[in-house]
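Structures are listed in the sections that come next.
Each of the two complexes below includes subunit A, the first together with subunit B, the second together with subunit C.
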Partner chain A sequence: MRRYFRRKLLVYGLTFFVAVTVNWMIPRFMPGDPVASMVARANMTQPQAVAAMRAYYNDLFGFDQPLWQQYLSFWGALLRGDFGLSIWLFPTPVGTVIADAVPYTLALVVPSVLLSWVVGNWFGAYAARRRVLDNTVLPIGYILTATPYMWLAVLLAWGLGVVAGLFPVAGGYSFSMQPTWSWAFLLDLLHHWALPFLSLFLVALGGWAIGMRNMIIYELESDYANYLSALGAPSRLIRRYAFRNAVLPQITGLALQLGVIVAGALVTEIVFAYPGLGSLILKAIQNSDFFLLQGTFLFIVLGVLIANFIIDIVYVVVDPRTRAGMAGADA
Partner chain B sequence: MSLQVSDLRVHYRTLKGDVRALDGVSFDLADGEILGLVGESGCGKSTLGKALIRMDGRMRRTGGTVALDGEELPIDDDRRMNDFRFRRVSLIPQYAMSALNPTRKIRRLVAELLRSRGAAVDPAELESRMAHVGLPPAVLDRYPIELSGGMRQRMVMVISTLLDPSLLIADEVTSALDVSTQKAVARALLGFRDSGYVKSMIFITHDLALTHHIADTIMVMYAGRLAEKAPADVIVKAPRHPYTRLLLDSLPEVGVRYADRRLDGIAGSPPSLLDPPAGCRFRDRCPLAGEECGEDPPVTELAPDHHVACWKA
Partner chain C sequence: MTALQEVTPQEREGVRREALYFAVRNGKLLTGFGVVAVLLVLGLVGPLFTDVPPNQYGPRPMSPPSAEHWFGTTTFGQDIFAQFVHGLRSTFAVGAIGGGIAAVIGMLVGFTAGYRGGVVDEVLNMLTNVVLVIPALAVLLIVNAYLGIRSVAVQGLFIGLTQWPWAARAIRAQTFTLRSREFVDLARMSGAGTWRIITREIAPNMSSYLFMTFILLFGGSILIASSLDFIGLGPTDAVSLGLMLQNATQWSALQLGMWWWFVPPGAAITAVVGALYVANVGLDEVFNPKLREL
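Here is the complex of A and B:
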């Protein structure tokens, strides 16, 4: 058991290291000069002032140092929890900018991932036993799961937002409101949250339902199910066993899908101009904001890694076979 | 009389038509009797076993009756049959090694199964029966995947017989085992009968030699019909049906070198049961076949308890 987790932690540590390195590299090899754009924003005409400002910024952000030194100091700052200053929102620290956006993304991703997983599994298992439902749910599920997130998002925004006028199509809350802990504001938040949530939820739902439906059919034809029916066990018991065993691969699937879902959430946020990490990434790219981009990526990588680790632990708890495998590895 | 099967016909529905897997089989099984059911693949022996406990979706009864302890079994009524399953008729399946849900500990699995059938677990009884087949009580706290194939199979044997059924169907239980384990399994099954855990048993196999050790009576089937049924010794020592004789001849003998004499199989293969030919179905492969074999041979009792379906016997 301990060995299993040690190995897992090592793999996650390595992934983290590589992710941070790639994360550091990408913005530096991206076209565009962030300092030039900041200097340009200052609207200065005197060349001396421009040069002085350029030197000031280069010094501030450490762009005048050799690359390896930038890399090392990047790690150093990272370990101190210092993500640097945002260029786009200069001089707000990147940490603050991200902390403002993270609640929106979490509020979008966590419920849509968990709810779509639970509802999808339940629905798929149900469809596997009803022919009529199976014949309708399956095609719909395939269409949903094949739909790109942003496309469904655009459809929903157009249908439910623009045409039907039921939901706002942009923003995290109304422009007329200030974030406060009031019922009116929370309701407004929920109102803006509904459409992005729905588009994420629906796309993921189709995939889970199809996966579960296939797994349940497979499990119901397995030897243990046949044996139980030969002994006259009620189908309730057999279905319970089948559901439990069919859920296991779905948990693995959740771990595999997590990255995709997060990426989908980012795109969806952009469609709905939702003030989460996705919109932040877009802004960071548009403004050549290295530090913000790095900070956001890092946060997403960290989030996906942590979620995967949690799923690993859950899997060990629910599937005795992984535990048996570990006992074998220890021996 | 524990089991009475009369003129049982079971067909498989296929796209090409009905496959007559069981085409009029009749036999009796006395209390305490172990019947060895022998034949080639596709002769209908597994179909018979399935028909007695749970027909799959493609199987249809087209005729005949089955009575257990004087009560007719509703073999084609899945729902009503449930009352008989496990309590009166039980099964050790061919796939016994994978018959247990891999994600439940055995103790819980047994308890849940029994509770679903309205029975309670008697831990002492369960453990004594496990001891009977050489399983320590610690097995109860393991997952099936933690047991060896042989242990899983023995566990299935114990579970299947927990409610003391009248009839136990053991379907090819030894075919996946090595020779020494086969012996142990066969002995355990005999022990089940002798301890009264099961009243009578149908032991389905293609291993004639092993059947001889445990069965009281052996029934040889061919192409969905009974070929010969007689006490085990008679079948092995004085078979009357040419098919039984050829089947015995095709077994290797210990101590005989087959350098000079080739070990004979039976030439040809059984007829298709989709549209079986009229008359004796073994005719095409039978060395004795003659004019009269164009008509169906009736099952006749040549000697007490020795039934043969052959004109030449």
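Here is the complex of A and C:
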């Protein structure tokens, strides 16, 4: 078990290192001059202003220092929690801007991921080997997984928001309200949260249902299932054993899908103008706020790594073989 | 030796014919590839019939579908059908480029790691796991935002560079199971090199698996490209389905009730990717005798 965790932590540490290095490298080694393009986008005509801005950016990136020193100071700033200043919301530090947006993204992603995983697995396990259900769950599942997140979000916003008028289609809360801890505000928050949550939930649901259905069918064909049914065990019991085995790959699948889910959350937030990291990224791109973009990137990578580690711990708890260092430990 | 070589092609021919026999009788495969083929032909042929450039402003903005504008027009009077068929082209292009590059890298890494084993495997596996954990879209956001050059081909290239890890892992696992088979040992004993064993002995024995991996990578590339386009980092010199969705939401097609603007592009992406997934299940049934339903 210790070996298992040591390996995982090594991978995650290396990943974080690579992500930070990529983040440092891209502005420096990309073709073209990022400083020139940032200055150009500011649309200034006075040569003194251009020169001043150029000097400011060069100083900010530390382009006048040798490369290794730039790299070390980049890490130093990072470890002090200094991501630079946002250009879009000048002079707010990037860290603060991100910290304000993260609760919204988490409130959207965590429930939708967990619920879609649980409900999807349940659906898939129930539908497997039941002809009528299988014939409906399977096509719906494939359509849902193939749906781009933003398209389902747009459809829901249009159908339930604009046409039916049941839900608001923009923002995290009504503009007429101030964020307070009152019931009215919480209710309003929930009202705005419902549609983005639903669209994230639905798209992810299809994939889990299909995965679980396939795993259950695979397990029901295995020797232990055949043996149990030959002994005359009730099919409920056999299904329960099959489910416990089939859940393991689904847990690994959850870890693998995190990147896709986060990507889906980002575009869903953009559709609903939900004030999370997705909207932040949109604003950063529209305003060429590269510090904000890079800060958000690191934050997303960090979040995915932490989530991966939590899933690893859950896996150890659920699968006793990893604890004994037996087969399945490499999964 | 000569006898062996004479038998093999015939056997392969037989396997192929058997696969074809089940392929033309598999509903999922036919429906899936049918939908993809129809949309592909529409994307290839469609632009030849619409003489309007897809982004040209027209005189009749915001009109719903009619005989003149089959899919209606945008707020700027652009013909949505013209945008749609051009967008289909970019969608297939990005899928082919991104999926192709990812499949090549995935095969190179997967075969090498799986066949060589040992330290090579350790290093490649570590690399695969690292790239696997980093969320692809986040990396693509940073790269595209800084690069600024955004043609369909470059977009596809970078998508391919981030999509390969799971394919590499799957191919590595498959290679492991084939590595110790007798025919591979025989080839090794007869002095064949690593490259030859991989291309002649291992790859052909998992060709169906490789093809299915490519299909999934193709669909995945289309989905991630549409997300990038939607965030505003799409190709600047072309039309794509994701860009159409972005424009529709940006110019409040939702609030204006212009459903003909945002329904077709999303429906096309869903249809292509969903049809690919269904075709993939069909292929699995064709190649895997255990799954066949007669």
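What we mean here is this: the second predicted complex is superposed on the first by the 271 of 331 C-alpha atoms of A that agree within 3 Å, B and C clash if a C-alpha of one lies under 4 Å from a C-alpha of the other, contacts with A are read in each partner's own complex, and residues count from 1 in each chain.
In this section, a contact is a pair of C-beta atoms (placed from the backbone, for glycine too) under 8 Å apart; a residue touches a chain by one contact, two chains touch by 3 or more.
Every value quoted in this text rests on a predicted model; they were computed, and no experiment measured them.
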Record, for the superposition on subunit A, whether partners subunit B and subunit C clash or fit.
fit
Can A:114 be said to touch subunit B (first), subunit C (second), both, or neither?
neither
When both partners are placed on the shared chain, which of subunit B and subunit C touches more of subunit A
C
Going by the contact rule set out at the top, does A:294 touch subunit B (first), subunit C (second), both, or neither?
second
Which holds for A:234: it touches subunit B only (first), subunit C only (second), both, or neither?
first
Could you tell me if A:190 is touching subunit B, subunit C, both of them or neither one (first, second, both, neither)?
neither
With both complexes superposed on chain A, which partner does A:223 reach: first (subunit B), second (subunit C), both or neither?
first
Report, in whole Å, the shortest distance between any C-alpha atom of subunit B and any C-alpha atom of subunit C after the two complexes are superposed.
7
Contact set on subunit A toward subunit C in their complex
10-12, 14-15, 18-19, 22-23, 26-27, 30-32, 34, 37, 139, 142-143, 145-152, 154-155, 157-158, 161-163, 169, 221, 256, 258-259, 262-264, 266-267, 270-271, 281-282, 284-286, 290, 293-294, 296-297, 300-301, 304-305, 308
Mind pulling up the subunit C residues that touch subunit A in the complex?
126, 129-130, 132-139, 141-143, 145-148, 166, 219, 223-224, 226-227, 230-233, 242, 245, 248-249, 254-255, 257, 259, 262-263, 265-267, 269-278, 290
Touching residues of subunit B toward subunit A in the complex: what are they?
53-54, 81-87, 90-91, 93, 95, 98-105, 112-113, 116-117, 143, 145-146, 156, 159-160
Could you list, by residue number, the parts of subunit A that touch subunit B in their complex?
222-224, 226-234, 236-237, 241, 244-245, 248, 319-321, 324
